[in-house]
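Below: one structure in structure tokens.
Letters A, B, C, D, E and F mark the chains in the order given here, with residues in each chain numbered from 1 onward.
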Amino acid sequence: MTALFRPGQRAPDALRDVRITRGYTLYAEGSVLIEFGQTKVLCNASVEEKVPPHKRGSGEGWVTAEYGMLPRATHTRSDREAARGKQSGRTQEIQRLIGRSLRAVFDLKALGERTISLDCDVIQADGGTRTASITGAFVAAHDAVSKLLKEGKIAASPIKDHVAAISVGLLQGESLLDLEYVEDSACDTDMNVVMTGAGHFVEVQGTAEGAAFTRREMDTLLVLAEKGIGELVSLQRRALGLS
Amino acid sequence: MTALFRPGQRAPDALRDVRITRGYTLYAEGSVLIEFGQTKVLCNASVEEKVPPHKRGSGEGWVTAEYGMLPRATHTRSDREAARGKQSGRTQEIQRLIGRSLRAVFDLKALGERTISLDCDVIQADGGTRTASITGAFVAAHDAVSKLLKEGKIAASPIKDHVAAISVGLLQGESLLDLEYVEDSACDTDMNVVMTGAGHFVEVQGTAEGAAFTRREMDTLLVLAEKGIGELVSLQRRALGLS
Amino acid sequence: MTALFRPGQRAPDALRDVRITRGYTLYAEGSVLIEFGQTKVLCNASVEEKVPPHKRGSGEGWVTAEYGMLPRATHTRSDREAARGKQSGRTQEIQRLIGRSLRAVFDLKALGERTISLDCDVIQADGGTRTASITGAFVAAHDAVSKLLKEGKIAASPIKDHVAAISVGLLQGESLLDLEYVEDSACDTDMNVVMTGAGHFVEVQGTAEGAAFTRREMDTLLVLAEKGIGELVSLQRRALGLS
Amino acid sequence: MTALFRPGQRAPDALRDVRITRGYTLYAEGSVLIEFGQTKVLCNASVEEKVPPHKRGSGEGWVTAEYGMLPRATHTRSDREAARGKQSGRTQEIQRLIGRSLRAVFDLKALGERTISLDCDVIQADGGTRTASITGAFVAAHDAVSKLLKEGKIAASPIKDHVAAISVGLLQGESLLDLEYVEDSACDTDMNVVMTGAGHFVEVQGTAEGAAFTRREMDTLLVLAEKGIGELVSLQRRALGLS
Amino acid sequence: MTALFRPGQRAPDALRDVRITRGYTLYAEGSVLIEFGQTKVLCNASVEEKVPPHKRGSGEGWVTAEYGMLPRATHTRSDREAARGKQSGRTQEIQRLIGRSLRAVFDLKALGERTISLDCDVIQADGGTRTASITGAFVAAHDAVSKLLKEGKIAASPIKDHVAAISVGLLQGESLLDLEYVEDSACDTDMNVVMTGAGHFVEVQGTAEGAAFTRREMDTLLVLAEKGIGELVSLQRRALGLS
Amino acid sequence: MTALFRPGQRAPDALRDVRITRGYTLYAEGSVLIEFGQTKVLCNASVEEKVPPHKRGSGEGWVTAEYGMLPRATHTRSDREAARGKQSGRTQEIQRLIGRSLRAVFDLKALGERTISLDCDVIQADGGTRTASITGAFVAAHDAVSKLLKEGKIAASPIKDHVAAISVGLLQGESLLDLEYVEDSACDTDMNVVMTGAGHFVEVQGTAEGAAFTRREMDTLLVLAEKGIGELVSLQRRALGLS
């Protein structure tokens, strides 16, 4: 395929159609289905009144994440990690990234000694599941925090800023925003960028799948990512009724 | 609570509102979201052109199932089995039951040397997830078989009859059909029944949670289950456009 | 084989020769070797002065079971579960069944905050190991309770009734009691029934291995099971010197 | 306790009462219950017509062993290794010792490309389970070999000599043969010795539990072990009807 | 601490003293001890004449890596991963990064159907173990390739370019090259950069540990990393006798 | 090979060149690289102010060991135990032996409620890694104890005597001291001996790999081991500056 013909005639700098559905399930303190085109991730935020050992007695809370993919979220069925008895390196890498990204915008002191766990489960995967997870998990975490505020368990929100993420990539010399699966597979370089609402970087993970990339290419990709994340933050705000 | 006041004023012999949505995800050969009230299970059927070792060279196929529950499908978050590194005894028991139930209506010879894997993942749990899984998995398997027929991979359907399942229980002496979570917790006896479209039994699993139950009580429960499964088979037929 | 010619000319409604040997090993608080023909299971009851987390501080005790099969209990050697590093789904299913069955006749409040663990280890397997385990475990648990009473640790027995179990099955249209291995393999339907001394049901688990079974067939099987369990309860009473 | 008063007034150089019961279970090619006083180990020999990877195509067979202890073989219940999900270091050490000891008297070439697996399961433990396992496993392996000979699968026995094992120890300066549990716990030095029928050493494993031992003490222990093993070999011969 | 006073008065843009020792152990096809100040990593390259399943029959080889840290490589002892029974998420993340980085400069076709495994074991850890691993593993892989060339197993080197890696970070607004442990812990932003000898990027992984970082800060860090990697490539060349 | 021509013309009763390097790494309380010819083991002693459960509240400390081998310590690469998810039986056997050997010369009361963990990691393996581990671990433990004394955490040394270990073996009828890998593989009998500085035995583990060995052969081997251990104790003393 050539970048000139992205699926659905999408422009190189255009996001896929992004939908954020709050209250997707009943029981979680925050429950968000986020869709980037055909990619669908359910992000549930759970509040537990306890913290992991390294935070006990610190007066600080914790924000953590787990990630999973349903066996048939993809074109061919993959093994169920629970049945295999361990999470893959890829899964662990992604859930560590989600956790770090969310903690970047949390004031753990203001959260108090409680944990917000973000479960990001991929229902359908068409590229960009980790960036969708971060973007959706923020909204779920926000809802969980609103519930804590409403219940009077915390006095002020521990959320300092928005956080959202997007993938960018180089395909045949062209920079593309928000890669879907066929693009991701064909790309020379794939970069995941996590930024705050203020436009600062939380994580940048660029990988040359084929040829190594130049500094100039990297710059182009970062500009594209900034644009996309700006749009995602607006979508988060709209979904949360903040704008 | 008393049985006279089932949530939503449901009659003792009434099913919850059951919805069967086919084509819920894109990639699986059969993909069904089944809902029994607030219980929601995604049943994906995957066809793989290989069989497990005990069937190799036999000319016969295999039908199997795996079951999982998203960590926050329930009121309080439960551990992710993939992270804990093993499936619970309950999970294994349920996925073995789903597999046996589906195989009961399959002619494995007619399926040919291929496997249909049924992944039943609980998105939201309000009681009856194993019976919803069986009922939904049948529809997903049916869609996967239709695809095999359409592609000319098999000449005739290996499906011999419908299979569906329901729970029944005794609460304060009253027999109830299709228990939701609060009822299940309060029940003295809980019975899961799996039957074919022809009205024969595939599995009967009755457990006295409180007082042991009498033969007469068992008879009442079986009658109730027969009624419910008859309705479920009709719903399956309607969802599949067979009636 | 035909049901008319059961091994050893056994009548369709006859139990195999059942032997219950108390005090089989020295150290356990209750130690019973139970034999159903060639099936031999060692049931050891251990009393521990602690309870699992979900019972701590409740004033109630716990009764639980573990099940295992020696690698060469069967015709061909099977893998040792300890060496494979996990218990099979079948093993977990069985040990959960044994635990539930025993708890059905125990007043956990009267037991006090202690645990009775029932280890059922199959020395030789010729069908019916789970039902033999339940029937033998009851006798071992009874001995353990007698020891607690004798030592003055509890004032009254927490055992409310007997519990015993048997398998029944349909082979070529005939109902058979207490299936041995060759019968079990050939059966269309296999049912395990657990009942109290009062003749009430604790568990009914019927599975159609071949053709699904009718309500009428189920009724016949239940009657046969009731007969067998009545005899087993008498044997338990005799072994315990209660009659 | 003092060595002068061994339990049952046993002489320092006397074995416990040793009983070897062949044909203890039905299905194994060799099945032996061996008892050293209260220690009871079931040794089953299984013949399988395959070899592990490192012997494939070599024309040689393999002899291996697995060891287990029933959870309530001991005074207090120990965890079931299958439930814990791994074998302890002690278990692995013992099963490796049993395997090496048996291989020492086997001509693997003469066995042909097949495996004899020895399952040694401790029913009751009162010290000396590993030495009882080796001594009993030899008899079980001998029976399995006799079966192979009778069936014409091998032309000549691959067994070159007897092998048997015993423990010896130092307690308050006195050398004791065949330690039972209370003696083993109190001993300063504990030594397990494995020898052939010809009186040669296969394994010597001496451990100072308390004070380190002298060369002279070691010599005394070895003499005692030679005596005991001589008696065990006679008992093996008698059990096998060879003398 | 302030960046103005780096340990040992190191300049902000200076590498620690880097030492590359080839032939550190005897048996590996390539064996390199790489030291960045007090950080010491042993990088062993092993050639195996087989490939993982996804490359079988492809005519292509594979390059992979495993990473480990000795329990007392750090200030306080950490658990041994082999004893815990699994590798941490961090370990898996690092070994995946090392593998990808090396593959970026390998022509897998030219390698032929064989695998080069890079074992990077940290003897002593003072920050930068993953970047030292990549830089050292390249030299070890180069030695392994030279051996293959010398033995005539391959006609031309599959190595297309150098690859090396360094960490950079922001501490109190100042950009620092090659962070040691105390700096790494105090940093707001930590970035690991992997580049080729041609000066192109293979991986960029930047993480805001404290405050999110700006685009301008990122640019400064990338410039610093380019400088450091240029020096590392020179050191690799000198160690390999290529310049 | 024949024993007359040991590699490097070594005399049958000669140790390989033994080097003991203290302070090999920076952070451990004791850190020793011990080399027996080409065998190189890093022995790190860590002091932790806690004890395992069975010693809590006893007023006694604990000494324990873990053993590992780098994947390419040997001629061909072996699997990484952390990646396989479990330690082999051999590894567990060795680390249990090291722990017992060290505890034999420790007064656990005098150590106080703290643990000394000895991590023995094999960098290069050419036979005798377990005996080198014990010999080196003693020196590392001694350094850790000296640090505790210097810091005033204990008043008197809990070390009662030296402990060292060596292998001996029979090759073609000749007794050899300190087997290297090619000798070990060819030997009929292999014996590992652990002794105190006073010349008493802590462990004797002799195994007939080929023909069983006689009492006379055993005596010869023990004399040889005594000689070797005497020399090792002198080397330990010299390394520690005690003589």
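One rule holds for everything that comes next: contacts are C-beta pairs under 8 Å (C-beta built on N, C-alpha and C of every residue); 3 or more make two chains touch, one makes a residue touch a chain.
For reference, the UniProt names are A, B, C, D, E, F = Ribonuclease PH.
Computed from a predicted model, the values in this text were never measured in an experiment.
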| item | value |
| --- | --- |
| Touching both chain C (Ribonuclease PH) and chain D (Ribonuclease PH) (chains) | none |
| Third chains touching both chain E (Ribonuclease PH) and chain B (Ribonuclease PH) | A |
| Self-contact between copies chain D (Ribonuclease PH) and chain F (Ribonuclease PH), residue sets same or different by half | same |
| Where chain E (Ribonuclease PH) and chain F (Ribonuclease PH) are represented by their mean Cα positions, the distance between them in whole Å | 33 |
| Distance between the centres, which are taken as Cα means, of chain C (Ribonuclease PH) and chain B (Ribonuclease PH), whole angstrom | 28 |
| Chain A (Ribonuclease PH) and chain D (Ribonuclease PH): spacing of chain centres that average the CA atoms, whole Å | 59 |
| Overlap residues in chain E (Ribonuclease PH), where contacts from two or more other chains coincide | 85-86 |
| Chain order, ring traversed from chain D (Ribonuclease PH) with chain F (Ribonuclease PH) following | D, F, E, A, B, C |
| Complex interface listing, chain B (Ribonuclease PH) residues touching chain A (Ribonuclease PH) | 25-28, 31, 38, 40, 42, 44, 46, 48, 66, 68, 70-77, 80-83, 85-87, 91, 117, 119, 121, 123-124 |
| Residues of chain C (Ribonuclease PH) that touch chain B (Ribonuclease PH) when the two form their complex | 86, 89-90, 92-93, 95-96, 100, 104, 161, 191, 195-196, 198, 200-208, 211-215, 218, 222, 226 |
